[in-house]
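Before I ask anything, let me first share the structure, which is written out below as structure tokens.
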Amino acid sequence: MIEHLPILAITVPLFAAFLLPIIEKAHFRARNAAALLAILSVNVMVVLLALRLSREGAPLVYVLGAQSPAQILPQGLDFPIRIMLKIDGFSIFMALTSAVVVLVSYVYSMKYVPEDPRKNYYTILLMLMLVGMLGLEFTNDLFNFFVFLEILSISSSALVSYSYNRKFSPYAGYKYMMISAVATSFLLIGIAFFYSQYGSFNIEYLHGVIRFTLLDKIALIFMVVPLAMKAGAIPMHMWVPDAYSEAPAPVTAALVSASQASLYGVFRLSFSLFGNPVSDVTLNYHTLGWIIIVLGVLSMFVGVTMALVQHDVKRLMAYHAISQTGYMLLGVGVGVVVYMDPGGAAYAAFGRDAMMGGIFHIMNHAFYKGLLFLTSGVMVLRFGTRDLNKMMGMAHRDTFTTLCFIAGALAISGVPPFNGFASKILIYESVYRFSPILAIIAMFVSVLTLASFLKVFYGAFLGPRNEDIIVIDEPLPATVTAAMGVFCFLVLAMGLFPGEVLKYLVEPAVAGLVPGR
Amino acid sequence: MISPIIFIILSIVIIIAAFLSLYFRDLLACVVSFSVLSLVLTVIYFHLDAPDVAIAEAGIGAALTTCIFVIAVKLTRRREE
Amino acid sequence: MRLISLLSVVFIAGFLLVAVMRLHPVGEPLGNRDVFRFRGDTVTDMRNVDTMDDYFLRNGQRETGSNNIVASVVFDYRGFDTLGEATVLFIVVCAISMLMSFLYNQNYVMEANFRGPDEFPRNVSRIISFGSFMLFPLIISFGIYLVLHGHISPGGGFQGGAVMASGTALLLISLLITRHVQRTKVIFSFFESLGLTVFISLGFAGITASFLYNFLANGSPLFLGRTIPFGPNPGFLNSAGILPLLSLAVGVEVFFGISIILIQLYHFTRYASRAGGGRDI
Amino acid sequence: MTAHEYIWKTMPGIHWNPLVLLALFIIIALLIAFAGKLFFRADYHKGTDQVKPFNSGNLDEIDYNVKSSNLYWGFRKALDFYYRGVDSLHNGDLNDYMKWLAFTVSICLLLIGGGLL
Amino acid sequence: MSNFFLYLTSILLIMAGLAAILYKRNLIKIVIALNILEAGVNLLFITLGYRPGGTAPIFTMAPELEGLSMVLPTPQALILTNIVIGFATTALMLTFAVLTHRHNDTMDIRNLRGVESND
């Protein structure tokens, strides 16, 4: 059974999701237990896969539908014909992040989302979001990547418009779905160009055969730019505040890791598909790196300046998600320019540090941004509104939520004992050696991030306790505090012991993404 | 051997149907011209030796998509304001 | 600002045309005209080298046992895409019943003077209702034919299911499905989950070799395993292993899924009420 | 090598040792929490109406809580030219969002055309 | 060069769909534009696998002639999936459009700009 783990990690939650409408007939607690069991088993399987990968070293390959899972090439042929799953360091790193975030957001939403006939569909769609993310990160086939991206987009856009009594939630779902549909159609055009040239969809095979003709570069643009739009990069980021602020709090936490799955798609397609193969003709990595750097810096600056003036707490945190995506793009962009450019600067070690900082920031961001959105959920639960001006004095009763919010706010602005600091320090150091101005902008943006979360802390938590604006006063359910507690523990533990996480998780991820050198 | 003339005619019909379905102000007219587009697309797929796709495009593209478009226009406004 | 957006659209159109001109001319084998594919050290011209499709055409009948190579690619070689595809349809059915389910909630005030669009026609002329009543069995039988003969003649799970779903649309329009909407929705969603579970458990059944492995093909003719000769042949019903079963499962799921979508959308006006109440989450 | 030895042997020096950092963090937090006790006024009682802030002028109920949204009004006014431009960007209009996608794709295609990529 | 305009039709469909998404105001018309974009992509994929002299890739009752060349099956398998995904996306977006009309009583994007601008 151990060799079938890659496919079981994707199909067990799928099987559970298909059975949920029937389990729902029994009792809603049976449905809660079944869903929790399925998501827990996914986490266990992904951890087992991580252990197996670290033991074997080589990426795990699983061929679907062949006599044996390892039979990559049919007899006597040198190109694969079936769909393959390929799991290397980077995909297991993203799979761990997605599995943990969806588990915690499901535990949070068991009691947080009110129990009504629609809660069953909510559970199914959240689990299918997890299936979409895992499938996106494990597959080695371009068209399969398209199908799982479609699963992820449709289930998350349906969850965005879950609250039917808000005026703009269906319209937010409409915008998110339209953006995802156009992005996947562009992706399909890119796949068509590849298929017409090389006759195959396998990423690993295309990596070996690619000749960088003009058609390949056009296909690269048509595949990478729409995925950058779905990840929230700057010129095309305007859908992020609308979608994140209209969705319920646990769904937004899962949406953050969904956008990061698209970011994984950007890095996977621009590195594994367009890495520098044996042939001498290659992509000009200097320009590609600088495109990613410019996107990153713009995202950082515009995201945080927009967040500073918001008075809706969820829109404020959504703009922070954009600015933190800017950090990841900056780290990886500097890594590309310095590290991958054969003719460019000496392959200084700090290029690899920048890449490690950028990728490590993906996991950190998923955890502390999830924590912040869960605390914003408690704020909305308490005051019934999202407007910071109408909130006051929450710290009097909810001390645990206040501590969680402080942990999240300090982590996002990179204060030492928390995990934001570990990856931001890597990014600052390596970007400073690359060009000091970028590092200074990055630090200034961190200061503005802390300033805007100070505003949220002052608005919602401090101030006298005002009875008539509090809507719900009884203590929080156990699962809600447990979910926030798990994120708090993760944020603190990874901040105190970054060395282990870097050695076991981020190192193989960068090795998987940028082989050789 | 299917002479390319058929493809030229069908292509022109498709282009006209596409532009008309985006040009009309009355939404029902747009939906009808979109179903004409799907129908002609089915014929093109048939001539491109793709019978599976032709049946799928006819069954889903022409029949069901037009049906849900008509229901959606019925539930909202008919004229584009 | 308007000029920039016009310019960028024209620019994308121009580059797409340039890209399409560099594509291989229609009808030529795959492969780029100015590209030769590396195979080890020998450089071979892409044009006479076989690709994935030539393998399917040559070995499709032997390995999967189905005459319709497209059906063998859809359900056997790239069966995982079809599983993803059935999931996409399942997601949309769940999403629409989630978004529309506030209609059937009792605690939503039914506005008396709701200015909904003028109702659908109350009564339909005798010809339409009787005609569609007679036509419905024909559509369903044609759909079942398409589903079951997926691996012999063109057709398969999706096309058959879609044709049967257009039968439901016919019943809806001729007002034959008017009462017990909630109960039909529950029964249809049960069958839809059943179809999907059969599909994925067939995938698990072959797990000893690998997921979605066609373990029935080329086995005993009793269990759909008849081996078929290469080249044109009249086609045998019990030949393609788990292909007909997968096609049947997908057909059931598509029919009941799309029927739920149509029923929910169609009945939106009758129950529509101003949505209100509920806690902001 | 027992777990205890492993922890203490592989720990980096005193200054970067995370456990020391954690202990330091907790000690300082406690210090700040209880240092306050020295400066509290003994005659303050929690539940009484002393909690109400002292509004010197008119006594009718005024909204004395400074709204959180005008915390950075100076920053907003200073960069007003920038915020007017950026606000018009996020106007919730689907067409504008897609125009930005078309704009970015055409810029990248320009890079290819220019032979840069 | 005989049927190069099949590529031309698919490019025209793609650009018509994209341009309408950028400029049309009505919610349902944008969904129609998305469907036209998907139809263009499907046509592009199918014309990639077309062989002028070939027959459909089905061996039942296939003509017995010697040089039997067949059309490529993989694009057809993928387009089958893409058509059903296109239908699913359209059904979902029409539900969103109907619910938006129910809440805001307008189908025009310009009136839906109601994002409360920050202070």
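Which chain is which? They are A, B, C, D and E, in the order written, and residues in each are numbered from 1.
Heads up, the rule we're going with is that contacts are C-beta pairs under 8 Å (C-beta built on N, C-alpha and C of every residue); 3 or more make two chains touch, one makes a residue touch a chain.
On a predicted model such as this, the values are computed, not experimentally measured, just so you know.
This structure's chain pair with the greatest number of C-beta contacts is A-C.
Comparing the CA-atom centres of all chains against that of chain A, the greatest distance is found for B. Farthest chain from chain E (centres taken as the mean of C-alpha atoms): D. The mean-CA centres of chain A and chain C are about 29 angstrom from one another, to the nearest whole unit. One finds 10 Å separating the Cα centroids of chain B and chain E. With centres defined as mean CA coordinates, chain B is found 38 Å away from chain A. The set of chain A residues touching two or more other chains comprises 143, 147, 150, 154, 158, 161, 164, 168, 170, 174, 178, 182, 189, 195-196, 214, 218, 242, 309-311.
Residues of chain C in contact with at least two other chains: 5, 9, 12, 15-16, 23-24, 30, 52-53, 56, 68, 70, 78, 81, 84-85, 88, 91-92, 95, 99, 154, 156, 158, 162, 261, 265, 268, 272, 275. Residue positions of chain D with contacts to 2 or more other chains are 69, 76, 90, 92, 94, 98-99, 102-103, 105, 109, 112. All chain pairs in contact, by the document's touch criterion: A-C, A-D, A-E, B-C, B-E, C-D, C-E, D-E.
Contact residues of chain D toward chain C in the complex are 99, 102-103, 105-107, 109-110, 112-113. Within the complex formed with chain A, the chain E residues making contact are 14, 18, 21, 27, 30, 34, 37-38, 41, 44-45, 48, 74-75, 78, 81-82, 85, 88-89, 92-93, 95-97, 99-100, 102-104, 112, 114-116, 118-119.
In the complex of the two chains, the chain B residues touching chain E come out as 1-2, 4, 7-8, 11, 14-15, 18-19, 21-22, 27, 30-31, 34, 37-38, 41, 44-45, 48-53, 56-57, 60-61, 64-65, 68-69, 71-73, 75-77, 80-81. The touching residues of chain C, counted against chain D in their complex, run 4-5, 7-9, 11-12, 15. On the side of chain A, the complex with chain D involves touching residues 168, 174-175, 178-179, 182-183, 186, 214, 217-218, 221-222, 225-226, 228-229, 235-236, 238-239, 241-242, 283-284, 287-288, 291, 302, 305-306, 308-311, 388-389, 391-392, 416-417, 451, 454-456, 458-460, 463-464, 496-497.
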